[in-house]
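Here chain A shows up in two complexes: once beside chain B, once beside chain C.
Our next item is the complex of A and B:
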């Protein structure tokens, strides 16, 4: 599946994610979760980052959703602790947990597996506005550069005894650090633009990657369509 | 704030997406091709800056800096924030794809508002205190508004969600304070090192 046409993967991922996002029935959501799990296994993703993402998502939910389960029905007394568990609220919370996890799995399996420049080119071929794509691709390029710079400065100040604490010195240091990042970025961007102009840039960007749909993609597309239709059917019919 | 997948109801998701799309179009209109490297590098800088954690009380908050981004980029903050959020969603799975529209709206509206409110003031500022003050206001206001918008999105997704929205707002307080302080510091820094970044001469 990692070899499927990226355009197809992005469209499929997006459609499935949106379908899941608007579904409310438990059977649809569970089917979606099963589908997400299948996709995830097929994608052969590295487990560690995925585990971290899922943990992150579920911790966020674990913190917020008890509020939902406890106070969802207006008739419950608002101040009663754990005993005011309402069925409605618990169902809503469960729905959200299934939905959130399913969406994250689908998106990770289909979209997060491609490297970001490919994603940028895919979006361009899917008719996303050119300026936005170029903004995206440029940003991807410079995040790497700036991240290195940030790490370098952090190492430098830590080597000089800086430890982040909740005090004025820390805030001043962080402000200056962030300010320096911004100023250097700004200057760098002007140098980049000047360099581009020296090499003949006249305002138009060109994309070099082209995608070719193969037979396997056609099959993948049909299967994906079948899944999408099934989910929609389960939800609305 | 960054809302994760699965929580918001369809009308909220779609509404946010539509509004953001319109604003992004407007932002792109203000972005000439020549401005793209600058906007991209600034977006990357904000992306990296959002990885910086600042200790506050017993935990730490990560920087958002949408107020500052708005002051520097104006309407172009919409596409910039969209790109940054897309990258976050795809690389870290922080936030989400289906909620991209809503999250962009939540972060970018206060950004543009800060531009409209504070750049005229910055133009007339001269002392370091003035700059710091404006920075604090911009930073604090931007995050407060984002928190309110986020809470509103959650509350609008269902009657039972109101306590969740309330909880989210409460958690925001330390972030608002840190953001105000740090933005004050950054604006003060920029006013000394590169004032042209904050207030560009009218073309």
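Our next item is the complex of A and C:
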């Protein structure tokens, strides 16, 4: 699957995620979940990060869902609305759990397997506006630089015996660290622009990578389309 | 004096309220000259290089480049295309996600056809010992590798003048020697700001020393 054309993977992932998000019927959702599981197995992702991702997602949902299941039904005359576990609430909660897990699986299998530059280029080739794509690519490029800068400064702070505690000294240190990173990144942005101008930049970007669809991609695309149509058919017809 | 590539006359520059970083600096670069620019830290070497391509504008004095006096931002556009400025920090210079894209950025701005760009990118990477780096992700490279890629991004534009800010800093012995050989073989005029005495001795044929803002 990692060989499939990135454009196809992004489109497929997007379509399947949208379908799953709007589906309400349990048979559709379960079929979607099964399809997601198949894609996940086919993508041969490393299990440990995936397991952690799903555990995080489900812990987050486990915190939210009881409130949905505890459907508030105000009874007449009562001073406090009584809380009752409602069937609809529980069903809605269950739907959300299935949707959430299925979408995470689909996106992990199809989109998270490509590196970020490829994703950026793919979006550009799918006619996502230039400015957004370059904003995305610049962010990816400089988040790491900023993070390294943070680590460097933090090492310097630690080397001088700093230990974070809940006191004013800690807050002051952390806030000046944050402020300094902000100022530095602003300065850096000016230097980057200067460097770009030195190479004749006049506001126009360009992209190098061109993707080529192979025969296998058509098969993959057809199969994905068939599944998407089946899901839609189950849901609405 | 029309033959000189760069000519600075009485250039004075200060950052906002500070005392002047450069005071009445005058010098010129003739074709084939390779000038060492020395001076203690903070003596204005980087500022001087930036002035020459219009990234800073002098409060007084004139910058003449390639036979024309350059004042406005637009005047410097042509200067920048014909001059290769190597920055100190490679993270400022490399902004694209992949090496090939970054190296191709300059030639793209020069309006070269795509085929020529791709060939030039491959050739320059090979010359700097960076074969097979095309699709590497820039921020995953080591510091020395990023510096070399920066060198590639400016050399690929076939500049007439090179302005290099500490070109050998962060390079290992092998890559340092390669860069020295490459600079020695290059026909470009150069101004090299550096503390690397061995590099300056090997490459340059004239020297300028900045002291208290004066040459």
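Note that the second predicted complex is superposed on the first by the 222 of 237 C-alpha atoms of A that agree within 3 Å, B and C clash if a C-alpha of one lies under 4 Å from a C-alpha of the other, contacts with A are read in each partner's own complex, and residues count from 1 in each chain.
The definition used in the following text is that a residue touches a chain if its C-beta (ideal position, glycine included) is under 8 Å from a C-beta of that chain, and two chains touch if they have at least 3 such contacts.
Everything numeric here is computed off the predicted structure, so don't read it as measured data.
Asks: I'd like to know which partner A:116 touches here: chain B for first, chain C for second, both or neither.
Replies: In the superposition, A:116 touches chain B and chain C alike.
Asks: After lining up the shared chain so the two structures overlap, which partner does A:135 touch, if you call chain B first and chain C second: first, second, both or neither?
Replies: first
Asks: Which holds for A:160: it touches chain B only (first), chain C only (second), both, or neither?
Replies: neither
Asks: Looking at A:152 after the superposition, I want to know if it touches chain B, chain C, both of them or none. Which is it: first, second, both, neither?
Replies: neither
Asks: Thinking of the overlay built on chain A, is A:196 touched by chain B (first), by chain C (second), by both, or by neither?
Replies: After superposition on chain A, A:196 lies in contact with both partners, chain B and chain C.
Asks: Which partner does A:22 reach: the first (chain B), the second (chain C), both, or neither?
Replies: A:22: touches chain B, not chain C.
Asks: Between chain B (first) and chain C (second), which, if any, makes contact with A:127: first, second, both or neither?
Replies: Touch partners of A:127: none, neither chain B nor chain C.
Asks: Which partner does A:208 contact after superposing on A: first (chain B), second (chain C), both, neither?
Replies: Touch partner of A:208: chain C, not chain B.
Asks: Which partner reaches more residues of chain A, chain B or chain C?
Replies: B
Asks: For chain A, what residues appear in both contact lists, the one with chain B and the one with chain C?
Replies: Comparing the two interfaces on chain A, one with chain B and one with chain C, the shared residues are 116, 138, 140-141, 145, 188, 192, 196, 204.
Asks: Going by the contact rule at the top, pick out the chain A residues touching chain C in the complex.
Replies: Against chain C, the touching part of chain A is residues 115-117, 120, 137-138, 140-141, 144-145, 188, 191-192, 194-202, 204, 206-209.
Asks: Residue numbers of chain B touching chain A in their complex, please.
Replies: Chain B reaches chain A through residues 4-8, 10, 13, 24-25, 28, 31-34, 36-45, 47-49, 51-57, 60, 63, 65, 72, 79-80, 82-84, 86-87, 89-94, 96-98, 158-164, 167-168, 178, 181-182, 184-186, 188-190, 193-194, 197.
Asks: Contact residues on chain A for chain B in the complex?
Replies: My answer: residues 13-14, 17-18, 20-22, 53, 56-57, 60-61, 64-65, 67-68, 70-74, 88-89, 92, 96-104, 107-108, 111-112, 116, 119, 129, 131-132, 134-136, 138-143, 145-147, 150, 164-166, 170-172, 174-183, 185-186, 188-190, 192-193, 196, 203-205.
Asks: Over in the complex, which chain C residues touch chain A? Could you list them?
Replies: Residues 50, 53, 55, 77, 80-81, 83, 85, 87, 89, 91-93, 95-98, 100-101, 104-106, 108-110, 137-139, 153-154, 157.
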